[in-house]
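Chain IDs A, B, C and D follow the sequence of writing; residue 1 opens each chain.
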């Protein structure tokens, strides 16, 4: 059994980690922390865990609180993980950070976008970007993984096949994304209360959301040239799920069938990435509660545009499920362990 | 033109007052106050009022802020209106309180349920309970109106015909009510953020919600005997609307048609109360955005139960619309002025 | 491995059976039937099963279509299962009917409420009512199980402890229930299209829903006296979940704590029924996707009322999950096998 | 009073026309038709009109059914209006078609996209495209108006200022639009039932939705050069509202403030088009129930992209409200008559 610690377990990603790991046959959660909930039972914070027999919250978020754990998940605000990681690594623990501290190859990008000095520039260089479909090998050997953002996961998985195939102009990617409200986290803000968002829909964070540099970093690296992303996120009046509509410009005219073949070829054998073939198109409920990414594609010959639809559950493949997928790789367990289930429908 | 002041105009009921009064041909809003928004334009707080040319917020909530107004609406927390009212009345202004300070015939009931000392016991006795269908005459002559609570409005309008007709046992009324989330007000609390309530439903405030004594006061008065109410409110995952299901025990067996006739007879000529005849049943969308109360009824002969369904828009007939209806009566304007419109559907 | 056949697998309960059984370690789905989808793959009907490697639909719904199966689930309209069951039983197959054909101890009750002649009165007498918390022993030995209705499951589990304890007047039970729209099945009717129900809420089927006699049958049997139920169902604007608010009259004054103790005592050791202790109250999201029933209770001393809140997922404990629980019992497998998971939240 | 006839009044746009016209001081609805509802009262089809005292449905949809009307609205499937219009015009009635028969300057575009022969090529040439902000003068004098599609209204109003200002490359417009489900009409199809869409979101009609040629026609005409549109519509899980995100390529670098000035300059004096200034962005609830179009804009200097957000209520400015605005112009009434109201919020 892999002994698990979760630092900062009261947010939505922390709760989702517990939900997934509670059903994982080789994982045992031995420590969960929350500064504001010392000694409380999980079900006091998340009534959906009524009856769970795991540990109570420790109010400390020092590395000592997770002593004895093999893997430590960090579900803390940005700027916190970088301070915790060195001590954990020193004890030989593997670290998976669900925040942004270890996602950037160049720590200065982090500093620019998050307006926070990075105190572990070397460590961020050593960390793996935790997108297994692209970096499986590095992740297997990593001590620190920077778990990708939710929007970047959906966008990168959708663009990658076509950048790799060399059929699109990767200098500019237009990504029009729509996310459920859980992506904003579990926090009491007027803008997120139910009456304000019910029956509503809007864009936000235009034009420079913090996920932009993460997407650009990866797409530039994969394409071997500078990629810029015009990224427009929107807030859907649902709890979970991201759908990204990618507007790409073809440099070579291909058919929809050929575009589908490129996706299938790229993700052949991948357990979590699936093509929804035309005339079907992916929808959010097809992935909610699962670690899957569903892709669909259409060529618009008249305009030379390639439209890729990419959906994930922002809390699973976009956060905690992908983190467990990374844990499986780092611990030499079957990659899909604890992550196989069909979506609840309807 | 009636000059209007609104003290505490940033909550949902304040916003709804402005929406309704902005379309009222004989009303002119001349002052709105909000302690935390001094000098701001309404559209900075409520973007839906973009382009509105009314006054900016005054940061004062003293009576001076509404000097020159003919009618002053108080949309403030309980315990505040009782301090403001005397000075307003002294200047000859009419006062409509959307809170609970002036709803009780006996100020001690207020003190018991709201755990707050009442500093104007005489004034609360002089105030009218602002339910025009029952107290039209008193309201016309009132200087102070205590505008009813949303749940009480739906429940009292549903029970009244049958208490009056003497066909039910009014010693115990079971009221199972369901309300949209706007009823909780515009406040940032974790329990009300979108992801927590999306796809969810629950009861709350069982067994002793603060609206209970208000309902019991009115039903006891109307029936001429002590009525107790077992009131169970629930939170619907929608923004607006209340549906109350009233489980009443018949003392005399009547048919559904006879029950319908009792409703029609009671509310004959009422502009805002309508019967939805069997086999139809009222639904919330039939009243959203309007000042209407829709009633439906069924007799269950097998169990001797009378089931009454009563729906209102909690923000309109349950708050601001009813307040304007009261204003019309107090100012000798046509009762329906500014309040006639069909619901947006779907 | 238990070989499974599902007759009528395209409705929501059929899809849910497949979802649950696909994750069941001892079950293998070997035949699914749908008259209108002969030869089609499941994912053509339910895109959420994209990638599922089970059988394609057989267009026949004759017993031959499920030859070789150990257990056959019937997810067909009422009146159909009674014609299929005898041939299946003759081959030694166990039968679990998700419809109403085998729920009634007296076939005439079925005939009265469903307006359909019963051609297997003997078989309906032999069938077990598939509510394991009450009839575990009978179900273990049953060849035919009539799987309970969704509303009855929530209401019976909520009332049973107090009928058993003899603290309520069981001659009349008031059940005010609210269900997600999936309860109406997967059918194209104008009343169920999205715009009609969005932001809406209403009662329906008042006063004599077909689930009434099923509830009365069980509560009368359990209480040893005739019980009548005044049952008022409502339609919630969500996909899944039922919350029943039970208004019961105490014959003996007890406290809320004592009422909680009665629940705990009754369901001690039950894996799927949980008490949510005061001040908490059950909510629908706490059970969605799971086979759990959550109960909460409050005594209202002023009115002598006992208010019980009972929530289930109508598709799981209210249908397909309970059917699998019954299968586990009938096949001598651990009762919780394939049914343990935490709800997706938020 | 203008006498109004509505042919095909049972769909959502028909119901919305009645809602708006019922509050219009100079309009009187004298005839409504519905082939399948001869003799029925409106409230039998739309319970939200309970108490409406207008005409009952005529089962005929021949021109005789609307004899005596000054203006006839056609809310019928495409291909039907072209057969009705000539007889209406002959009697001197003004015709406003809410469908697509009279939207195209070249009838062959209609024939290509709608796969239906056009029997009135001359009439379609004579008809005005009913977007008052662009063609006010023509509409005033028109006998036939082709009322624009909902998506085209939102997209054209968002693009027009920048095409006119000559700051974008109008050869390719990327329009990523999201619509509430009422846009699909009031029809019973499995894909539109509540459980399927609840909590869901998806694209559809990619890449060649029927609104594409209408958008291209207008933008090409306005820009004086061929414009192609890559149009991707999505289905929002709400009842009403469209938000279009327009991804435009700047040919000249301007700031967000300059872009805002271009919008303000273009729509100066327009009663229904408003700019939501940065840092604000338009949201759907800001326009629901109103005839307004709200626009917001951002320049992304890094990518040379201009992102325009355009929201309307698809049923009002996107259909019936705009039709009434056109009626006002055609009948020499104040353009905003019957169309001024603030959105219900929240």
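For the reader, a short list of remarks on this structure follows.
What we mean here is this: a residue touches a chain if its C-beta (ideal position, glycine included) is under 8 Å from a C-beta of that chain, and two chains touch if they have at least 3 such contacts.
Everything quoted here is computed from the prediction, not taken from an experiment.
Among the other chains, C has the CA centre that is most remote from the centre of chain D. Between B-C and A-B, more contacting C-beta pairs join the chains of B-C. Chain geometry summary: the mean Cα position of chain B and that of chain C are 39 Å apart.
Computed from the mean C-alpha positions, the centre of chain B lies at a distance of 36 Å from the centre of chain D. Centre-to-centre separation between chain A and chain B, using Cα means, comes to 46 Å. In chain C, the positions touching at least two other chains are 12, 182, 186, 195-196, 198-199, 237-240, 283, 285, 288, 346.
Of all the residues in chain A, the ones that touch chain B in their complex are 12, 180-182, 186-190, 192-199, 237-240. Per the touch definition, chain A reaches chain D in the complex via residues 172, 174, 176, 178, 195-196, 198-204, 206-208, 228-230, 232, 234, 236-241, 243, 245, 247, 281-285, 288, 296, 298-300, 302-303, 305, 307, 309, 346. Contacts from chain B toward chain D in the complex involve residues 12, 15-16, 18-19, 22-23, 46-52, 182, 186, 198-199, 239-240, 274, 276, 280, 283, 285-286, 288-289, 294, 340-346.
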